Every structure is written in C-alpha cells, then in structure tokens.
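Common to both upcoming complexes is chain A, partnered first by chain B, then by chain C.
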Partner chain A sequence: MSVLRPLDKQPGLNTATILLVGTEDALLQQLADSMLKEDCASELKVHLARSLPLPSNVNRPRIDLIMFVVNLHSKYSLRNVEESLRHVDATFFLGKVGFLATGAGRESQCSVHRSTVVRLARTYRSPLLFCDPEVDGFRVPVAQRLVRMLQICAGHVPGVSALNLLSLLRSSENPTLEDL
Partner chain B sequence: MSVNQQDLDPDSTTDMEDVTNAEEELIKECEEMWNDMEECQKKLSLVGTETLTDSNAQSSLLIMQAKCLTAELSQWQKESPEIIPLNEEILVTLGKEEFQKLRHDLELVLSTIQSKNEKLKEDLEREQQWFDEQQQILESLNVLHNELKHQVLIFSESRIFGELKTKMHDIKEYKEKLLVTLGEFLEDHFPLPDRNVKKKKKKKNIQESTVQLITLHEMLEILLNRLFDVPHDPYVKISDSFWPPYVELLLRNGIALRHPEDPTRIRLEAFHQ
Partner chain C sequence: MEKQPGKQAATEPADSGAGGGGGELPQVAGAQAARPEDRLTLLLRLRAQTKQQLLEYKSMVDATEEKAPEQILQDKQVEAKIEDLENEIEEVKIAFEMKKLALDRMQLSTALKKNLEKNNPRTSVLMDNMKHILKLNKLIMKSHQESWDLEEKLLDVRKKRLQLKQASESKLLEIQTEKNKQKDDLAVMENSDKIKAIQQNLQMEIQITTVIQHVFQNLILGSKANWAEDPAFKETVLQLEKNLTMI
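Let's turn to the complex of A and B:
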C-alpha cells in the first residue's frame, strides 16, 4: 500500500504538477487540455490516473495538487474516489487536495446527490468545485482556477501558501457549525 | 518567502563585468537556497505517513490545520524580509519588467474603458433620440387632447342648444299649422248662420238678436283660454254671442261640459289630462 506523500521529492525547477484522479478518461483529458492551454509563468505538468495507489515503478515528479473528479451521474466514480482517498497521506489535505464534481447541470441524470459530494468535501476539509466540461464556457474558467490553485500549491506565488489558500476558500462556505 | 528569484533568468546576454558578477552572485544565492531545500527534504522524509478514514478525517485534519497555521504564523513573524543584492543591472532589469507589466495592464484597462465609453456614448445617443421622439409624441398628443377637450365641450353645449331650438321651433310650427287647419275646418263646416236665411220665417217669431254672434272658432278659443288661464275655475258663462245650436253641438259631443250646479256655465273638456 504505497501512500502518496506531498513533499517526498525535490521539486523540478519552475514546474508544477497536478494529478487528476477520476474514472472518466475523456473528461480528464478535456480538463487537462484546457489547463495546458492556459498561459502561465510556470511549466505545468498534468498527470491523469484512474485511481490510487499509483504504480510505483514510474518515475514521476513531485505532485503539488491532487484533484479528485467525481461524476455526479455515476455512483461508481464516487466509490472509486472514496477508495483512492485512503491512499493519500494526511498532510496532503492541508490545501493540496481538491474535489471537482461534474455533471451537476443535468439534474435528471444525477444518481449521486449534490449534498453527498458537499459532505465529502467537508469531511476532508477541502475545497469543492463544480464543472461541466462539455460546455466550453464552463471549462475555461475552471481550468484557470485550477492553474492558479496549482501555482499556489507549488509555491510559485510568493506570500501565499496552500494552507492560506485553503482558509481563504473556506470562508464563503458553511458558516454554521454542522456535525463535527 | 522572499522575492521569487527563480523567475529571474540568469542568462542575460550583456557582457559587462559587473553583470557577470551579479549573475554569479545570484547563482550563488540560488545554490544556497537549493541546498537548504535539500536539507529540509531529508528531514521531511524521516517523518512517517498517516492516512485518514472518514470517521477521524474531520477532527484530525482540523487539529493538523490549526497546528500548521500557527507554525506558519510564527514563521512569518520571525522572518525579516531579504532584499536581492543591490546591483544596478539587476535592479534595472527588474524595474523594466515591472514597468512592462504595468504598461500591459494599463493598456488593457485603457482599451476596456475606451470600449465601455463608446458603448455608453452609443447608448446615450440612442436614449436621447428615443427621448426626443417621446417628447414630440407627447407634444402632439397634448395638442390633440386640448383640441378634443374644447370640441367636446362646445360641441355638446351647442348641440343640445340647437336640438332644443329646433324642437321648439318645430312644435311651434306644428301648433300654428294645427290652429290654421282647425280654423279652416271650422269655417268650412260650422259657419255662422246667415241673417238672410230669415226669409222663410216671419220676422215676428225671430228674436231680435242685436248681439253679434261669434264664430265657433272664437267660442272654442274662449273656452280654451279660460281652461289654461284659470285651471281651478275653467267655467265660462254662456253669453248671448254664443249661437245656441253650436253650444248644444259642443255639449252633445262631449267637447264642453256644463257646470254641475249652474246650467249657464260651460267648460272645455280637459283632453290633455
């Protein structure tokens, strides 16, 4: 059981790596393409994976940000994500993990309720984004957000750390103290 | 967390001596930072891993986040900002970069504002036009309204007036016509007795009527006038100027009535009541 650790290697010079974990390959590919189209000062690397744990024989750079992609139309993707969460080190959740829910636009086909994903994100104290990658208008802003988050998590933005970003992202969410 | 030196391109292409010095200085600083990082990395790899389950995730994460935030805070408080080596070339390059960025941003802002301005001007023109048109419409409507108001008043008054006048006129004419026709009819069919008819009768039997007889028309007129002048006492005394046969005629046909107590008085029947 190899667990993914946040700062296990030296970072590459001026590179930032994001890992997208999700069952829908086409979706991940689209998202990856939009992210790479964004122009940004640092070099971006996007890794795609079906589930964790990752095969240990591959030489990969240090992962700066993990986005778990849940497709609200399939319960399987949710279960897959929940399984993969067990292979992530606890220190990753200090701002270097995020959840992305897709398919919320078509309410009739959602087999996973929105509140389930919200609860999941709240349990792991991580930000939750919504996206519909088929619609071009949605994909580009989400890609921009992800690139910015990635830059911060890789430490390329002076003065803001991943934890700071986390605190900033949380303030707009649930101000009421729910089941703790 | 000082200035991001990794972004600075160490391959500047000028060959002055102090430039190479600056370069060397920067490279040296970068190397030092890299060594620090490697040491931290070694220390980190000694820390064990720990995974989460759903149940303990929230609480342990919250505690961990709180600890890390306090650690970060103390780090920030301890640290004093480092400045890059005050070399002219470096400063100039940095300054140029900053100014370029600034210029780019300002150009963006300028173009946005310009386009906004234009759009606003267009909107203003359009609204002004619309407003002018509305004003014109309002004016013409006001004029129309006034005219109509005037017309309605005058129109209604004059119309009623005219109608009444014509009505009265018509009625008067009709009355005249009726009276004329009545007079002619009475003349034709109920003439006064001619004095010359006395030929057959002996003069002794005829009473000397010195009184001038009035026509039936005049008799009716007297009765009519009396009825309308004195409605509570419409009785007229039968005078000698009334030709008796005509009186009889009126009484028998119900046109005139005798007074219930006085046989010498008659009145016209009130056909209008």
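Let's turn to the complex of A and C:
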C-alpha cells in the first residue's frame, strides 16, 4: 500500500506504535531511545523511517502516531517531509500526525525559517513541537510529551481521543499565528 | 496469564522513491522493562483501552457513513469549511463541559442538602464554612464598592484636568490671535504714507545735521587748535564724531 491509513488494522493489545519520519538518523535514534526510557504502562513500539512511502512487504502493526521531524538547519529535510506528506491518508490528520522541528536554538544555522514550519503545521492542522535534541534537558520533556500523545492517539487514555487532544492543543497556538 | 509489558524499537527500510532513497537502519535491541502490576489492574486497564479503541472505530464508521460525496472545492472554501467544522467541535465540547458543570453543581447541592439535614445544623463545620464565606463575600462587596468610588473620583479629577487644559488652550489661542492682530496692525501702520513721509524728513534732517557736524569738525581741525587739552572742548569734538544714523 502506498498510502498510510489509520485504523486499517486491528490494534495490538496494550501496544502503541509511533512512526518517526525524518532525514537525520542519529536524531531519530536519540528520540527513540529517550521515548523508550520513559515509564509507560503500555508497550511502546518506535518505528523510524527516512521517508514515506514505507515498503509494503513488511508486516508492521497499526501506526498510531506519525511525527515528521524537520531539521531547521537543512532545507532537504523539509522537502523530504513535504514529499512524504503526500503518502499519508487525510484521515490521519485528525490528530494522529504531528510535526517536530529541531535546531531552532541556533538561529545562525537555520536555513529554514521558523515561520515556514509553523505555516506547514497550520496548513495540515497538526500540532508543532520544538526540540533541541543535543541538550538532554530538552529531550526528556519532549519524549514525555510524545509518549503521552502516543498513548492518547492509540486509545489507551480513556475519555480523551486524538481529535480531542488536537482541539486542546490548537487553542494555544492560534493567537500567535494571527500575529504572524 | 500475566503479560509482561516489554518495549521494543524497530526501524523500517524506507522505499527508494524517485531520486530519494532511504537505506537500512540497524535494528535496535529492545529493552525489557517489567512493571509490577496487579492482574486485576491490568485487566481493568486493558478493558478501558479496548473500550476507547472501540469508540474510535465506531466514530470513524459513523463518520464515513454520513459523509455525502462532495465536489472538489477550492482551497479557500476548503479552509473555511475546515474552520467551521473546528468551531463546531469547540462548541460541542464547550456545551458538554457546561452541562457537566451544571450536573456537578446539582449533585453537589443535593449532597449538601442531605448532609445538612442529617447533621445538627448549628454546630457543623459546614455552617462555619458557610458563615465564613458570607463574611468574605461581604468584605469583597465592600472593597468592590470602595474601589468603584475611588475610580469615580479619579474619573472626576481627570475630567477636571481635561477641562482646565481645554480652557488654557483656548486662552493661549486668544493670546496668539491678539498678538497676530497687533503685528498686522503694526505692519499696516508702518506701510502707511504718513510714516513714509516722516521717515523721509528724518533722513533729510539727519543728513543735514551730519553735514553740519562734518563742517564743524573740519573747522576745528583746520584751526589747528589743540582740542585734547580742554575737557569741554574734547567732549564737543567727540560728540561731533557721533554717527547720527545709529541713534
């Protein structure tokens, strides 16, 4: 299948799967490790991919959350993410997709402007997180947030759905977007 | 059978599309972290999970059933439609929250009523709390009133200041117009013919006097008298030196 669809497979019992898409392997690996270190009642599975579409020959579990990782230092990663976005079904964007921008701390090396990523996230109506993975202090909270988002998107948190979370996250973003 | 929750990480070889291309990422060994969990708790948690997931699937099914086939909309229309839908979601959420609040409030008030009927209403801690709340509310209202009065006073003072400023502005304007009028009058007067005639006469007289001065000067110099010795003489000579146009 060339297009990723949510809810097309049965969920694994007590399992939550996240797919990290990005061009920087070391970064994705670091994030994956931080996430796995987190204390979580459900079983976490982290899949890493450079770009979509994923090969269809592999048997993989149902993907609950896709995080597109954009490195603000390289335009190539942005282009890669934009290419990969085409292979995601529209129903995924109801809360099961997020954007993660890294490298915003070093303003001098940023070739991609922050507003580009913000606009991208706004077009796709998905939450945008910022992360500086080199600093350990930043990585752990981001990993915690990701784990929490993943749990909600996988349906492990009773009473909160992915769409609910999306509208919760949205209301704090919009005022700043109006200023842009 | 108790299930040991474990954690794994797996990587995907990305499909090599046009021009791009992933590679194989090495597989990471999973870390086994065992959490001590009661069987019952686990089962309850799994039950809640499955319920939530079932709810998600149901809602997706309902959503796909409802959707009527729409024609291809333009970008702006799609954006507007998405925003409308988002607003709808927000409104539904808000309505739900308010209903929940109202329900909670009703439940709380009935529980309070029952509690009050049960206990001795004079001595219960609840009555003390209520009295304290009433006292605080009175204080709040009083301080509200005071702050309101102060604000009124402030407003009055500001109004007066504004009035004073306006009065001073008008006065200054008057002064300015008066000055301008005076200047105009002066200019008009200066341009009048009488002044010109008088000025001409004055010039004539000055010239005549200057000539007379020079004549006297030359007379005195020509007489070769020593005018520096006598102070009265000196004074006369110096006076003749005065330039009349400067006066």
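Going forward, the second predicted complex is superposed on the first by the 173 of 180 C-alpha atoms of A that agree within 3 Å, B and C clash if a C-alpha of one lies under 4 Å from a C-alpha of the other, contacts with A are read in each partner's own complex, and residues count from 1 in each chain.
As a working rule, a contact is a pair of C-beta atoms (placed from the backbone, for glycine too) under 8 Å apart; a residue touches a chain by one contact, two chains touch by 3 or more.
This one's a predicted model, so the numbers in the text were calculated from it and none came from an experiment.
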Touching partner for A:Ala41 - first (chain B), second (chain C), both, neither: both
First, second, both or neither for A:Arg5, with chain B first and chain C second: first
Which of chain B and chain C A:Leu163 touches, first, second, both or neither: both
Winner by number of chain A residues touched, once chain B and chain C are compared: C
Touching partner for A:Phe93 - first (chain B), second (chain C), both, neither: first
Touched partner set for A:Leu85, first chain B, second chain C, both or neither: first
Which superposed partner A:Ala32 touches (first chain B, second chain C, both, neither): second
Partner chain in contact with A:Asp136 - chain B first, chain C second, else both or neither: neither
First (chain B), second (chain C), both or neither touched by A:Arg60: second
Touching both chain B and chain C, residues of chain A: 7, 13-14, 41, 91, 125, 156, 158-159, 161, 163-164, 167
Residues of chain A that touch chain B when the two form their complex: 3, 5, 7-10, 13-14, 41, 82, 85-91, 93-94, 122-125, 156, 158-159, 161, 163-164, 166-167, 180
Residue numbers on chain A that touch chain C, as the complex places them: 7, 11, 13-14, 19, 25, 29, 32-33, 36, 39-55, 58, 60, 80, 83, 91, 125, 154-159, 161-164, 167, 170-171
Residue numbers on chain C that touch chain A, as the complex places them: 3, 5-15, 17, 20, 22-23, 25, 28, 31, 35, 37, 45-46, 48-53, 55-57, 59-60, 82, 86, 89-90, 93
Complex interface listing, chain B residues touching chain A: 1-4, 6-7, 37-38, 41, 44-45, 49-54, 57-62, 64-65, 68-69, 72
